[in-house]
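The following pair of complexes shares a single chain, chain A, combined with chain B in the former and chain C in the latter.
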Partner chain A sequence: MISSLFKQLKSETTTRKKIEVLKNDKSFRKFFIQFIFSIFMLFFLFYLISRAFSLELGFGHLSSRAGFGLSHSFIIEYTSNDSRWGAYFTGVINTIRVSLVGIFLATFLGVIMGLARLSKNFLISKISAGYVEFLRNTPLLVQIIFWQLVLLQLPQISNALTFGGVSVWSNRGILLPIISSVENGSLWVLILLISLIVTLFIRSYLHKYKEENVKIFSPNLLSIIFFLITVIVSYFILGIDLRSDVPTLEINEYGTYIQSGGFVLTPEFSAILFALVLYTGTFITEIVRGSIQSLPVGQTEAAQALGLSTYQRITLVILPQALRSIIPPLTNQYLNLTKNSSLSVAIAYPDVFMVSRTIMNNAGHALPMLFLILSTYLSLSLLISLIMNLLNRRVTRIGT
Partner chain B sequence: MLNFRTKTIVILSLLFSMFVIFACTAEETSSNSGSGSNTLATIIDRGELVCGVNDNLTGFGVVNSAGQFEGFDIDFCKAVAAAILGDAGKVEYVPLTASARFEALAANEIDILIRNTTWTASRDRDLGNDFTAPTFYDGQGMMVKASSGYDSIEAMEGATVCVLQGTTTELNLDDRFTGMDYTPLTFETNDPLQAAYEEGRCDGWTTDKSGLASKRAGFSTPSDHVVLAETLSKEPLGPLTRDNDSELYDVVQWVVFGMMQAEESGITSSNVTSMASNPSDPGMARLLGVGFDGGEPSDFGFGIDVNFMQNVISQVGNYGEVYERHLVPLGLTREGSLNAQWTDGGLIYAPPFR
Partner chain C sequence: MRILIWIKENLLGSKTDILITLISAYFIYFISSLFFNFVFTTDWTLIQVNRKILLVGLFPEEQLWRIWTVFSIFSILISATIGYLYKLKLKNSIFYITILSIPFFIFTTLNLLFNILIILFFSIISYTAFYYFKKNQKKIISRILLFSWIVFLPSLFFILVLFGGPKVTLWGGFFVNLILAVIAIIAGFPLGVFLALGRASSYNVIKLVSIVFIETFRGAPLIAWLFFAWFVLPNFLPNLFSLNDINLVIRAMIVLSLFSSAYIAEVIRGGLQSIPKGQKEAATALGLSSIKELIFIVLPQAIRVVIPAVVSTFIAIFKDTSLVFILGITDLLRVGRLIPEQQQEFYGKSIETLLVVALLFWVVSIVLSQVSRSIEERLNVSN
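Showing the complex of A and B:
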């Protein structure tokens, strides 16, 4: 086509006629418009790149001393003497902490509320409907600030509720008694979690082995024995010293109230957690309800005809099938929850976004910092997607 | 199908256009970039000064009910515009957050930044700014509730302190509490911070003393709150330009000094015209850019009108008038403070116009 266009151009003698030929050729017109458009795009791109290079890029400034304190740190003990990288990772851990706890609680709440919404009981289904309609239709930021203000209405620390000395409740935080170890506590919990996962794998392998071969041992008993052995061995190797950790409230010599010990739920963490869980929970409720309703009624009827109880019907027949259409939209909600946690900047919870903004303000270099924040959120989101895709592959597998 | 020759033509023309674009852009960038640029000439060409300001700090930079910017810092933007362009109204204000201000200056979005910005070594050198003479000497303070019984920072061991995020205040607070146990509660904006302070979530509220004074005056019973006497830090606030932009830097610097000198010499917006037509001494004549006793006016070579200070004083006023207009209503008295004239024991001092 192009070559025929060239031939036509050659055969025309005057410039005006040549332009006429080009104007009338459809493919040339398309090509011409796209060519102009790509030139504009290239120009814009080069403009952006050249502007970016006139700013200073690099992460060298993150190695300097941070010089600012953070109100929340978890796992890593952060002090203002650490580098800015230390502050940044404290922020990352705070984001992961609120997202992870939020995802678990929101899933739990969403499944319960989704089932409640389908209940034949008028009160239960209307409570669930009211919860969804009220919280889904108000902005998340407003809810976060609302929860912060609600938690600030707890008694001031001078009038803190102590419940006979086992717990401290004030607007500086809710301190609950826990069992903890003096040292190696978090390491032990980590080992327990890993051994629990290993135990579950061993259990499913043993079940398969039992089906194919002999019926002389109990897989469940063997897995429990394995788990107990790892618990006891690691307990003695790490020298775990378990004791109850009851929070205390004291007044120091200057009249400042000092609270210590126990498990601390600060108003800031609680406010962002409540808001994220309740808000995301409404969407999960609707996903669960919709997925269950999309199943043929015959499934429920068949389960009832077989004489299964309501609990058996839901856990053995309905949910396993509904899970196939629940998981893909559920992944979206998990991603939303993680990304929405960046709104905690409004209420003094130092998540990765807030810490980065502090660093940007102290040291400048906004562009590389923004790239760092974006890649952090991107990695978190991709990790969630990966786990959920693996889970999805497992539940959509038919006939195993 | 494209034959080989057509393909080659298309690819070559694409490459050529890329080259042309890159060359154009590179040229444009070099003319815009920081080193060796002349923003003063750009402002004169454009006929307007682009000034980065605060739009949410009563007294310093705020949008009033009529939608106009007003405040102490805003008046210095006007003064620079009056000096360069002869008209205090030829200013475009760009409201900036604390975290965006330096990038905006570095990226040529604004010509000068006058946004209650503290002069520090890292901001001066590392961020590529040049600070002119401070226009206001502030200091960080701590406000506590009167009922708490705190009388000094030393007594605040173990306390929780509310502070605004991303400011020098946050860093000064940490320096001051070195070796002491404390929890900083860092808020992005003032409103939730104030709620947390009032509900007793934190024991103290720290920010610049000027800010604390205006917030304390806004409480229903100001006497319930005490601003501790100790000053945690030095906070000299002033205008800044980009590094290596000395033509504009010198103009801004000497407009500030000129307004201070005018106050010292007793030149105000109301008497500047009569003073200019009949200067009482050679020093005043040099400041106003007029000849003394029939002589020639002295030109300091700023590259703008020799009588630029006349425009500044007649349209904006001298330093004392600007202070009186915006900061005295906040309760920030000048007597005995660092912002008094040097003859009264303060730090407001202008080098000689000579």
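Showing the complex of A and C:
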């Protein structure tokens, strides 16, 4: 291409004709426009960078002592004497915690409500419609503040609701009874979750071997045995000591109320979780409804003709097919939920955004902190997309 | 008799159906009793007293004519466009009137009734005029409409600001949310179209820049970008015309526009991908240049397909304007939070004001989503 262009240029004698040749050549025009555009962009970039140097840059300030406490920490313990990096990672874990729980609950709620919307039952279908129309069309921030205000309307600690001594409900939070361990409890739960995921993978691989006629003992039983072994081994290695943990409410000698034990749902965490789940649930409801409606009616009729029950029809015929068109928009909603969890800054739940905001207030360095926030959310988004793409590949493979 | 059959089929089909009906009926009873108990036992004077603050914040009383002018021009333009574009169905119009009458009854006093009726009158006249004239003189009417949009949109901004207009710091209430949303949509839409074209183009450098822009803005939550506008953006603006200490509201506008353009671009990209290859080939065969092909063949079809999704994005942007609350801009949400904190007689009535705030957002969003739904129905019919 280029050599023929040069030949053509050489053969022309006058400058005007040479320009004419260049004008009419498509690849040259393409190159020329991109060249001008990149020069323009480089100048812009150069301008931005030169401006950025007048700001405080660098992440050195993150190694010094944080000096502020955080109301929520999970898995890793955090005190105000830790470095700012410690505070940041506590924030990251808090974000992951609220997003993960939120994603599970929102999916559950959305699928239930999506099925309810298509139910023949008039009342439940209208409940679902009303839920979507009301909660989808109000801003999430308003909903978060609403739930916080509602939870703060619970009675004061002095006359907390105790439900016969099993849990404590007050405006300081909701304490639920739980089975827990004195040491390494959360670590054990984490190991259980990981081994559950590994077990599911092993099970699917064993099933694949079985399909290829390799003689293998029941895959389900094998994977259950694997799971139980990891549970028991980690139980003894970590020295887990399980006991029921019922929250208690006491008055000490100064007349102050002390609540202890149990699984604590603080007002902040519950408010952000409720709002995220209810808000994202509306979008998932619509996704589930749309995907199921786009399936041909023949599928439902065929399932009915085969004599499948309603439950079997939904779980064996409808949902597996609908999943193909559900998963891509669902991934988008998961990403939105994770990003929306940053709104917890309005009610002081210390997620990564709120922690970075506090560090920005204390130590400046706004641009690096914003860069850190951006890269944190980007990597969380990438992680979610990666997992969902794997799931999507699995789902689209079924029945093809 | 037919009612009984309907009840048997829709509520009491089987045993599980009966159970579900009972539970749902109790749930509806529970929620509605909670709601109506709250609504009818609360003293709503705090809303009546603070009408003006909720709607326009601290905007000076003698300058309110600016907002009225902008509001009336805007509603007349909108109704003219609706009249030009399509016929309102009776069912839809009843829906719109019912929904819009809710804020009307909450916020209208006798003094304002006159203004509102005049605006309503002129809007209806412009709707009917454009609806009837488009049959005979479609070309002239469409040109008039386009021209008035192009002329009036910038002038709306000038009416608010120029000739001794109040400072931007005095803007507040629902007005700020509406104007932020309108500006973000008007600036974000063309930029989004350019970004979508850039991302789909065969020019690799332009493609790269578009992708980087879109993905960076979509990668972080909006609140992070608003903090960027708060702390960092002044440093990146040139020193000319004291641009680097412009008001926070304007900075929020800039960031909101950029943010929404990234989302709109992704929606429009979906539309671009949905166009069959044959269309482009046909355009090339007809000898259209690539720019003409884009403007007359590709873009109209691509945008037409994604109009419902674009309206959904507009709704999302409108709801997102409530985030400026965190920056300390006195938008509707902030006003709603400040009233029970600062006015002693309404101390602690946070939930009441919050419900009214939610209601205002809800009314606008539900009207827009109904618009999106009816456009979608029309598209389905015409396809």
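Please note the rule applied: the second predicted complex is superposed on the first by the 323 of 400 C-alpha atoms of A that agree within 3 Å, B and C clash if a C-alpha of one lies under 4 Å from a C-alpha of the other, contacts with A are read in each partner's own complex, and residues count from 1 in each chain.
Everything that follows uses one rule, which is that a contact is a pair of C-beta atoms (placed from the backbone, for glycine too) under 8 Å apart; a residue touches a chain by one contact, two chains touch by 3 or more.
Note that the coordinates shown come from a computational prediction; the quantities given were computed from them, not determined experimentally.
J.: I'd like to know which partner A:K30 touches here: chain B for first, chain C for second, both or neither.
T.: Once the two structures are laid over each other on A, A:K30 reaches chain C alone.
J.: May I ask you to decide whether A:I145 touches chain B, chain C, both, or neither, giving the answer as first, second, both or neither?
T.: A:I145 sits against chain B and chain C alike.
J.: In the superposed arrangement, does A:L370 touch chain B (first), chain C (second), both or neither?
T.: In the superposition, A:L370 touches chain C alone.
J.: Scan A:F226 for contacts with chain B and chain C and give back first, second, both or neither.
T.: neither
J.: Does the superposition put A:F122 against chain B (first), chain C (second), both, or neither?
T.: In the superposition, A:F122 contacts chain C only.
J.: Look at A:A346 in the shared chain and tell me whether it touches chain B only, chain C only, both, or neither; answer first, second, both or neither.
T.: After superposition on chain A, A:A346 lies in contact with both partners, chain B and chain C.
J.: Which partner chains sit in contact with A:M360 here, chain B, chain C, both or neither? Use first/second/both/neither.
T.: A:M360: touches chain B and chain C.
J.: According to the stated criteria, A:R51 is in contact with first (chain B), second (chain C), both, or neither; which is it?
T.: In the superposition, A:R51 contacts both chain B and chain C.
J.: Please write out, lowest number first, the residues of chain A touched by both chain B and chain C across the two complexes.
T.: After superposing on chain A, chain A residues 38, 51, 54-55, 145, 149, 153, 345-346, 357, 360, 366-367 contact both chain B and chain C.
J.: Quick check on the complex: what are the chain B residues that touch chain A?
T.: Touch residues, chain B against chain A: 2-3, 6, 14, 17-18, 21-22, 25-26, 28-29, 32-34, 98-100, 102-103, 106-107, 122, 126-127, 148-150, 155-160, 165-167, 170-171, 173-175, 177, 182-189, 192-193, 195-196, 199-201, 203.
J.: Per the contact definition, I'd like the list of chain A residues that touch chain C in the complex.
T.: Against chain C, chain A makes touches at 30, 33-34, 37-38, 41, 48, 51-52, 54-55, 119-124, 127, 133-134, 136-143, 145-146, 149-150, 153, 310, 339-340, 342-343, 345-346, 353, 357, 360, 366-367, 370, 373-374, 377-378, 381.
J.: Could you please specify the touching residues of chain C with respect to chain A in the complex?
T.: Answer in residue numbers: 9-11, 13, 16-17, 20-21, 24-25, 27-28, 202-206, 209, 216, 219-224, 227-228, 231-232, 235-236, 315, 319-320, 322-323, 325-326, 333, 337, 350-351, 354-355, 357-358, 361-362, 365-366, 369.
J.: Using the touch definition up top, name the residues of chain A that touch chain B in the complex.
T.: Residue list for chain A touching chain B: 2-3, 6, 38-39, 42-43, 46-47, 50-51, 53-55, 61, 67-71, 80, 145, 148-149, 152-153, 156-158, 171-172, 252, 254-256, 258, 267-268, 345-348, 350, 354, 357-358, 360-364, 366-367.
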